[in-house]
Every structure is written in structure tokens, then in C-alpha cells.
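First subunit A sits with subunit B, and in the next complex the same chain sits with subunit C.
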Partner chain A sequence: MKILVCISNVPDTTTKIRFAEGNRAIDTTGIQWVINPWDELSLTRALELRDDPSNGIKSVTVAHVGNADSEPTIRKALAIGADDAVRVNAGSSDAYFVALQLAEVIRKEQFDIIMCGIESSDFNGSAVGGMIAESLGIGSVSAVSGLSISNNQPVMTREIDGGREVVAMTAPMVAIVQKGIAKEPRIAAMRGIMMARTKQIRVYEPVPAEPLTEVQVFEKPAPRAACRFIEPDNPAQLIDLLQNEAKVI
Partner chain B sequence: MENRKILKSGEFLVDEIEAKDIFISEEFDEEQKMISQTCKDFLEAEVYPNLVALEKGDRELMKDILKKSGELGLMGISIPEEYGGFGQSFVTQMLVAETTGAGFSFSVAFMAHCGIGTLPILYYGNEDQRQRYVTKLATGELLGAYCLTEPGAGSDANSGKTNATLSEDGKYYILNGQKMWITNAGFADTLVVFAKIDSDRVLSAFIVDSNSPGVVIGPDEHKMGIKGSSTAQIYFTDVKVPVENLLGKRGEGFRIALSILHMGRIKLGANVIGAAKKTITDSVRYANERKQFGVLISTFGAIKHKLAEQVIQLFASESAVYRVSKDIDDLMVKLKSDCVDKNRASIEAISHYAVEAAILKVVGSEMLDFIADEAVQIYGGMGYSAEMDVERGYRDSRINRIFEGTNEINRLLVADTAMKRAMKGDFDLFGEAAKIYDNIEVIDEGRREGEDYFQEKGRYIRNFKKAALMTIHGASGQFGKSLVNEQEVLNNIAEMIMDIYILESLKLRVEKLESMKGSLSVYRDILDVNAYDTAAKIRKSASDAVNSFAATDNVSKLTGGIEALTRVAGVNVKDARRRIADKLIEDNLYKF
Partner chain C sequence: MSVLVYTENWDGKFKKLSYELVSYASALAEMLGTTVTSVTIGETDDNVLKELGRYGAEKAINVTGDSLKTLDNQAYAKVISDIALKEGSKVIILANNNSGKALAPRISVRLKAGIGSGVSKLPLNLDPFTVYKRTYSGNAFAHLVIKSEIRILTLAQNSFEVAEKPENIVLEKVQSGIDGSLVSTVVSETQKQSGQVILTDAEIVVSGGRGMKSPENWPPLVELAGLLGAATACSRPVSDEGWRPHEEHTGQTGKIIAPNLYIAVGISGATQHLAGVSSSKYIVAINSDKDAPIFEAAQYGIVGDAMKVLPKLVEAVKNMKK
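Right, the complex of A and B next:
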């Protein structure tokens, strides 16, 4: 079996976000880019499965839709242990566009298990996995917190309200993965970093696809107003403020 | 090696390079950044969650963490591929030293293993010794320690009493003696031990397996800081060391010890950078959370001053660290091309930059002590709580001024080595110095019409160098060979040499940074404040020296010269520091 892990290139979580282009885009100056944390955990689990020969996983490939400047993030995934990589040479404009590109990669290269993080830490996107499955006409399972191989078939654990659900499915399929799938992301070892240089990144040009959405504006949450203290012996003032200023009662 | 001008050790005192000739940390390539990230990830995953247990003395845990770093390949960074390592450049080695430097006690144990515990065998061992030991030290299968210091032989390392005599059958050296302050003693497998053979006057070096009969490891010392690292005495009683474990030649031990200390010093200069960055991030995060008088303390000028000064000192010394690292890399390449033994070439290149190594050690350790001290101050009462990283950092920092040669020894080395290299003919220090001394009244380079920002700073630095050379000439003339006994004056000279090297490296870095990224005002603020402060420091050091040696009739001439040579334009240091602090406060972490 072949696993494909879809990875998104996102700003490091400590980044102070600034906007550009009239608040319609993220200002990318000085941003340190990392693999989306959910995707990184997916990759870790995929590698664990591959490293146990009883699972019969032939290879783990990573795929990313992005421009050439996102290659350091792809090479990081290769350093962590992915066997090879695919990059679709296009800016990732929206989930639909990205999903169509990835679906095309899967059509070309044929994978059995496709793993996507349940969300991306930049735009809180969570649609790509489902869209890939839909566009390929294959099944998908969401909120996957455990993945193993049993009798050549992917078996997944899902967190559901008040309990767990175990699902088996026939490959090819898409697993939309949440935290818990792997304990900690794998750290790139020196040998992996050295080998990343020699691993292949296949670059495909994008297939024509119109994004379905367009960002009109980004806004930051309004700064929290300063806390106001009311003397305990003055409840009337509190009621007045809640009624007339906050207008909550 | 690209075509760039490289100076010999200490030569910066009489010559200068251009901004394009300096390597700066903003030039790390993708692979270097990835290696550094691996070190950071490792600290986050394995070290930080275990700091409390490590501090309580869990040595098995430290051993496990060290082994894990070996499995990741981090112990093989400096080791050539033929001995199971990854043969990285010296710049990369220093970047790893920097990043792991934020790991408190782990950093000490890790660096002792990778540096002084492993490299003597790599650099001075024969092929058999390298195969037997280095290949296993490179992966963490064996852990190493370096045994030089003795109860009666600290800074005066050659006075050690540990003794080795050849056995009657000629197969063993019988080792007897006692070593102390041995880092990693509690769990090291392989010891590099310095001892005198028979009645030799100089040391020899041996590789000793710690499980040899007669090797006894004492209990761990109770220390002020770096409590997670194992430090103990080791006793050797009739320990049979196979003759094939003599490292290098008989009598070569002192040379090995000194070369390895040069290397250790320079790596310490990188270590403290990582610790300082973490401490500054801790400082600003706290200042951005703690409210007093209804506002965040990061809005106060007094706190901004501290934060800015932390940044300035770190950024300046970091500039020097990577400047000399690249110089060493290039010298290694050169020496390897005309030297049979590649590994010897590496240590020769490191040892060559002895002046800079001592500078980085002194400046770096005092920089970190300052930053750690101010971090505790910014935390206020919380900084005194043992639950805070800054409290641990404060205690851990202090050792850096003591080990790898005390800062007192290293200050003397800065001045002494620069002068010795000049006497050897590496560069014309004394000729230049005499010229300046003789023309002191007219020697300062005045402001040139139309000089730009960096030309102005370059002129300051040339003038500072003249002040230092004048002092060296005056002191040498006054004391002759007995200058060596005038340690206070040598210290004044060392201070000037250090301040000049740091400021010049900073100026070149900011200039190169601007050529890469365009004008960036906050870096000019850092340079402005540092240049302004350096002028005052040079004036003080030179005046202290001159007043201590010059004949009365000469003093006013010399101090007049010093005044002229240290004259710089005024800087609104308050506003400059506020701008530097504001960037740190906005980023909420050290990101310069």
C-alpha cells in the first residue's frame, strides 16, 4: 500500500499576524513557515505504519500545493522521513482549488490511504479532505484519532460524543485526521536531514480550476476592553452598567 | 571558498575587512536552519519537560537524554562521515552549540561529551583509536569525559600530579592520581586523562575506559548551578592503560589540552548565545504579562532599557561568534588542502584563532551573566522563585565565567596571544603601534565631509584601534618583558581588544544585513548605542592603563590623545533603546 500525506505550509504558531493588500492577505514578511501541526502528526503516524513491515506500507509520499518558496517545508517533511514528495506549482487560493489539485495528483500516482489534517492552523480550513474524496468518488472518514492496518485494510478510531467508534474501510480512502493520531511529531534526525537533499520532489503544474471563494477582508479580534472594578458596596452601579452600557440585562 | 579577505588571529587590530567579507547568521542555509530546528525540537520534547528531575540529580535520566540525542545524530555533527558522523562545517557546529546552549544542564553534559570528551581522540588519535572510540562517541554508544583539572592544578594545568609509568612488560601505563570537577564523571565510559609519564615536565594524554579496575568515581559535587550535570572527582589507583591508548605523542598532552580548550572556549561563545536568546524571550514574555500600577511593566522606560540592553549585548556578541566561525571554516579548508591529516587540520585552524576564542569566551559568558541577572530583575520577586527558568538560568550562567579557563586567564590570553602572534610576525602590531604613539597628538582621524553612516562608524573603530595600539606600545615600552606581571594593565589592553572586535563585528554585520535586506533602522539603533558605549569604555580602559604606567610628563599628552581618539557623535540612547525594546515587546520573543 502507498500512503499520501497532504501537507499545508502555515505560519509558525508564535507568529504575530499582520495583514497586507488592504487586509485581504497575510503579510508574509519575517514569517517562519512550518508544516501544519495536524499534517505533521499525520505524517508521523504514516511513518510509524511504514516502519513496521507487517503493515505492508510500501512508501509514504507528501503532497503540497504551493509555490517554490514552500519547498523548505516539503524538505522538512522529507527530513522527518517521507520517501518522496509532490508539489503542485500554484499558490493555494482556496480549499476547493487545493483539493482539486491534490485529487489530480492522486489520480496520476495512485495512493491507497490519503491522510489530511482535520484543520489548518492558518485559516482554520477543514474542507480539503472531504473535497478530495468527493472529487475522486472515494470514501472518507473524519475526526480520525487512530489509524492501523489490519488484513491489508485501514482501520480507524473516531472520537464521538461520549465514546469511540472503530471503522474499517476499503482503500483507496481519505482519512481526515485529528490530534491523537500520533503522540508527538517526529523530530528530523541528522541522517534524515542529510538524505532530504537527495529525495525527489516531483513538481506538477496545476490543472485549471476556479477557486469558489474569495477573501474579502481579514479582521483581528477587537482588543479586550480594560476591566472595570465596581466597589462591592455599590451594586446599583453594576446594574446600571450592565443595563445601559453592556446592554446585557 | 569564495573570494573574501580573511585576517589572521588578532590581525583585526591593524587591518580591516569589508562587510562583504564577514559571514553573518542571517546567511544560514536551509539545511543549517533545519539542523537548528531539530535541536530546538529536541530540547522541547526531551529536555524541558525533565528539567526538574535532572536538577534533582537523576543521572540515569540525563544519560538517557544524551543517548537519545545521539540516536538523532546530534553527537555526530563535528565528526567526519568515516567515523560515523555527519562532518558538518564549523559554522554549523557553532549553530548547534548555540541552539543546544538553551538546554541548561543538558547543554553542559552534551557539549562536554561532544567537545572535550570526543574531539581530543578525533583530532589527536591514530586510526585505530578513532575507529575504536570516535565511531561510538559519535552515536552516543559511548559517553565521554575530559580529565585535566586536579585539586592542585586548575588554571595552572601543567602542574598536575597524576602520573603514568610503563609496566615492566611494556604493555601498559600504570596510572595513579586524582582528577576533579570532571563533567559527566558519573556516567562517562571513555575518559581522556592527562598525566605525566615518569618524571616528565610536561603532560601526556591517555584514553582510559572508565570500567578499568582502579578507576573510582567520587560522589557528585553539590553545585551552585548546572545541578543536572554530573560533576565529580575521579581517582586512579594503579589503573592499567594499554600502551596503544596513549593519545598523540609522549609529552604532547599539554598541547592537546590547550588546543581542546581553545575549541571549548569558542563553542562556549556559541552556547551562551542560545541561553541568552531563551532568557531574553522569557524576560519579555514576563514583562508583557506582569501588570503594576495598572499597566504592563513592559511599558516602563526602566524595563525597556533592560530589555534593549539585553538585545544589544547579545546581538553584538553573536556577530563576532559567526564572524570567527566562518574564518575558522575557511582556514580548515586551506589547511586540509596542504595537510595530510584532515582532523589535525581542523584543530590547527581552531587553535589559530586563539585570540578570538578567548574574546568570545569572556564576552559571551559576561554577556549571559548580565542578561540572566537582568532577567531575574525584570521578574522581580518571581525571579527569585526556584520555580522559574530565569532563576535556574541565573545559577547556571555563573559557571561560564569559570570553566574552559577562567575569564581572568582568558583576559590575559587575549592581550598576550595578540602580542605573541605579532612578535611571531603574523602582523605588524608593534610597528603600527610605535607610529601611532609617536604621533599621538595628530593621529585621530577627523570627520570627513560627506562620510556616510557606516564610514563614520568605521572611522570610530579605526580610532579605537589606535587608542589600543598606543596603549600597547606605551605599556610595552614602560614594562618591557615584565609587562606579563602587570596583569591590571594587560586587562585594560584586553578590554580594549575585546570591545573593538565586538563593535567591529557588529558594524560589519549591520552593514551586510542592510546590503541584503535594505535599511533596517532597529539594527542601526543597536549599532549606535553599542558604538557610543564602546567609545566610553575604550576611553576608560586606555586612561586607566596610561595613568598606571606613563611618566608624569607624558600622561597629559597620552590622555589628550585618548580623548581625541574616543570622541564620537552624541546618540539619543534613550530613544534608540526604546525602539529596540519596542520591537522585542511587539514580537514577544527574541527575533532580531
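Right, the complex of A and C next:
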């Protein structure tokens, strides 16, 4: 079986977000780009599965839709251990556009398990994985917090509201993963970094696709009122404020 | 033309979330000059369905079928899309919860409908259709234009006030024509949390961080939560250490919640933690370090040792209840 891990290239999660171009884009000066946290965990799990021969995973490929600027992030995924990579040479305009590009890559190269993160930490859309599956007319399981292979078939734990289920699905399928999928993201070792230099990144040109959404303008969240401090020996005052001022208890 | 809202049932019942969705759909329908139709999949009692009329739904469609007993994303997305087409819906509303996130993107591709995900208020503008969307994990908001003719919105839980708007509701029972070949999800085991307030449903949440020092120190925090009818939560290092179960981890890589009240005890307030809780209506911080960033996000704060403050808070809540 072959696994594809879709990765998104996002600002480091501690970045102070600033805007540019009349607030229509974010200011990328000084931003450190990283693999989207979910995708890093998803890649880690894919590699764990590949590294145990009993699972019969032949290869782990990463795919990314982005301009050449994003190659360092792809190289990082290769350094962590992915076997090869695909880049679709286009700016990522919206989830629908990105999903159609990735679906096309999957049609061309054929994968059995396609892994996507539950969301990207920049757009927080939770859309790409499900869109890929629907474009290809294959099954998807969402909120996957565990993935293993049993009798050549993906078996997953999926989170449901207030519980969890164990589900199986015949490949090819899309697993949309979240917390729990792997414990800690795998880190690139020196040898991996050396090897990544020679690994292949196949570049495809995008297929025509019309984005369905467009950001008009960004704004900062409304500032919160300053914190009101209460003396530590007077918690009754806090309870009073919560009851009579905030009216939340 | 109606606004279509997907009202999920939990073992044949609705949760407050379903009423929030219908209330939101009604307010939006009013802006658009149209009505609200709900769709529920799986056996649901007539009396349960009729409840949706109280919040403004004029028609409740209940789809049942042997192949729809458990959530299969592909099959459910087809059911909802087919109804949207039949009803001529121009807006489809789902919850931004596990199932909403699983279904919305599939419906989007079927209907070529753009998604505004995780919205917490009504659209800013109808022409062009513009929604206010959380981005950069809460560090920025976007005015997002949905350009397609049909639009999908997923509503953040606990972000829209339930409002009564009684309507005479018509029920429609539909036997699904979905054949089994579309269903590929095979569920072999289901575990449900019982007896506790579910974190994503909770209106009050009491959460502990590394400042709680050790798992043995949790009882007063749990007691406080019990007295307030609150759910318990924690920061990531706490669940990583195994002090608390993983379901409690809130933040960028955990659960994203928006309770009315979030009480953070011994939590420093890292950006990644705030990414999951910054939409809370009120945040209370209890921390021994007066410069902890959590106080910048909080409206009320106590600088002090959690071990000393928590028992006093428990007492104060008990006194309030007397």
C-alpha cells in the first residue's frame, strides 16, 4: 500500500500576525514557516506504519500545493522520513482549489491511504480532506485519533461528540486526522537531512479550478477589556462578580 | 429557496446545539426573506422533531434508512445535498463539530458551494455574501466572500444565542434511496462518555495547567467544576503527562471551545492554548505569576497559589448556593 500525506505550509504557531496589502494579506516578513502541526503528526504516524514491515506500506509520499518558496517545508518533510514528494506549482487560493489539485495528483499517482490534518493552523477551514474524498468519490473518516493496518485494511479510532468509535474502511480512502494520531512529531536526524537533498520532488502544474471563496480583508480580534484583579483571600467577590456582573453562573 | 439546517440527533434526541443552529438559521432566513427547513438523519420521534418549530423551523425532514444507521460521510453528504437541491436551498448550515466538519466539505464539492467555517455571527453582508471567519487560530478574523450560488456555513458551538420564534412546523418523513454500496464505514465498536458534562457542550469550563503541580492536586478543581455544573479541561502538557485524559486537552491542537465562562487555573496562557479558548465569553485566570500572559486574555484574575485559592472558591460557591 502507498500512503500520501498532504501537508500545508503555515506560519510558526507563535507568530504575531500582521497584515499587508491594505489588510488583504498577511505580512510575511520575518515569518518562520513550518509544517502544519496536524500534518506533522500525520506524517509521523504514516512513517511509523511504514517502518513496521508487517503493515505492508511500500512508501510514504508528501504532497503540497504551493509556490517554489515552500520547498524548504517539503524538504523538511523529506528529512523527517518521507520517501518522495509532489508539489503542485500554484499559490493556494482556497480549500476547494487546493483539494482539486490534490485530487488530481492522487488520480495520476494512485494512493491507498490519503492522510490530511483536521485543519490548517492558518485558515482553520477543516475542508481539504473531505473535499479530496468527494472529488474522487471515495470514503473518508474524520476526526481520526488512531490509525493502524489490520489485514491490509485501515482501522481507525474516530472521535464523535462525547465518545469514540472504532471504524474500518476499505482503501482507497481519506483519513482526516487530529490529536492522538501520533504522540510527538518525529524530528529530522542529521542523516535524514542529508538524504532529503537527493530525494525527488515532482512538480506538477495546476489543473484549472475556480476558487469558491475569497478573503476580502483581515482584521485583528477585538481587544479584550483589561483584567480586573481580585484579592486572593476574597474569592467571594469573584463569585459575586461572575453572578451579578458577568451573569455567567 | 429556504435555508437548510442539518440538525444531528444524538440517540434520537437533540442537544442545545441543534436549537442554536435553528435559531441561527431563522435569523439568517429573516435577512434573506425566506424560511427554515431542517434535515435530521436517523429515527427521530415526531415530538422531538416538532421542538425545532419552537426556534423557527417551518419544515422538518427526517430521513431514515437501513444504510444510514451510523455516520458514513459519503452517504450522509449525499442525503443532505439531495435535499438541498430538492428544496432549492441557497444556504446550508451545519455545526462546526466533528460531524459538521466531516460533512460540509463533501457537500461543498457535490454542490460546488463555498464554505464559511466556524462562523460565530450572522453574515456581514448578503451581496456579496460575506462572513466573519476565524483565521490564524483566533489571531485574526477574515471577511470571507463566498462566491458560489449555494453557500455552506458551519456554526461554532455556543456562539449563537438560542431564541424562540414559534412556527407551525410541518414534518416530512423520507425513506432514503441511498443504496449500501455508497456506505464504506464499518463501525465495530462505540464508546460513549456518560455522566459527565461533555467539554464541547459545556457552558462553564474549569481548566488546570502545569501550575497545578501534580495530578493529586485535582480534587478541588473537580469539585469546583461539579458545583458549577462545569466540564473539566486542561492544557496540553497536562494531558501529555497523563495527569488528565486526552479528551480534556484544549488549545490549537486540542479542542476548540467557546463556553460562557472559562476558569484557567495554573495555565500560563501560551498562544497555542489561547487559540482554543479565546472565544470564551469570560475568562477567569488564577495564577501565581502576575505577569503570566493569561491575564491579558482574562477579564477577572486572582494572583495567588492555586492550592490555596481553589478551596476558598469552592467554599464561596457553596455559600452562594445556600
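To be clear about the criterion, the second predicted complex is superposed on the first by the 225 of 249 C-alpha atoms of A that agree within 3 Å, B and C clash if a C-alpha of one lies under 4 Å from a C-alpha of the other, contacts with A are read in each partner's own complex, and residues count from 1 in each chain.
One rule holds for everything that comes next: contacts are C-beta pairs under 8 Å (C-beta built on N, C-alpha and C of every residue); 3 or more make two chains touch, one makes a residue touch a chain.
All values derive from a computational prediction rather than experimental measurement.
Is A:198 touching anything from subunit B or subunit C once the two structures are fitted on A? First, second, both or neither.
neither
A:14 contacts which: subunit B (first), subunit C (second), both, neither?
Both: A:14 reaches subunit B and subunit C.
A:75 contacts which: subunit B (first), subunit C (second), both, neither?
A:75 sits against subunit B, while subunit C stays out of touch.
After the superposition on A, what does A:151 contact: first (subunit B), second (subunit C), both or neither?
A:151 sits against neither subunit B nor subunit C.
For the overlaid complexes, name the partner, subunit B or subunit C, with more touching residues on subunit A.
Larger number of subunit A residues touched: C.
In the superposed arrangement, does A:190 touch subunit B (first), subunit C (second), both or neither?
The answer is first: A:190 touches subunit B but not subunit C.
Looking at A:170 after the superposition, I want to know if it touches subunit B, subunit C, both of them or none. Which is it: first, second, both, neither?
second
Shared contact residues on subunit A for subunit B and subunit C?
14, 16
Residue numbers of subunit A touching subunit B in their complex, please.
14, 16, 30, 72, 75-76, 79, 184-185, 187-191, 193-194, 196-197
Please give the residue numbers of subunit B that touch subunit A in the complex, ascending.
Listed in rising order, the residues of subunit B that touch subunit A are 30-31, 33-35, 37-38, 41-42, 45, 71-74, 76-77, 86, 586-589, 591.
Touching residues of subunit C toward subunit A in the complex: what are they?
So the residues of subunit C touching subunit A come out as 10, 70-74, 77, 96-99, 101-106, 108-110, 112-118, 130, 133-148, 154, 184-193, 198, 200-201, 203-204, 228, 246, 249, 252-254, 260-261, 271-272, 275, 278, 281-282, 284-285, 295-305, 308-309, 312-313, 315-317, 319-320.
In the complex, go through subunit A and note every residue touching subunit C.
11, 13-17, 19, 26, 37-38, 94-96, 99, 118, 121-131, 133-135, 137-143, 145, 158-170, 173, 176, 179-180, 211-221, 224-225, 227-233, 235-236, 238-243, 246, 248-249
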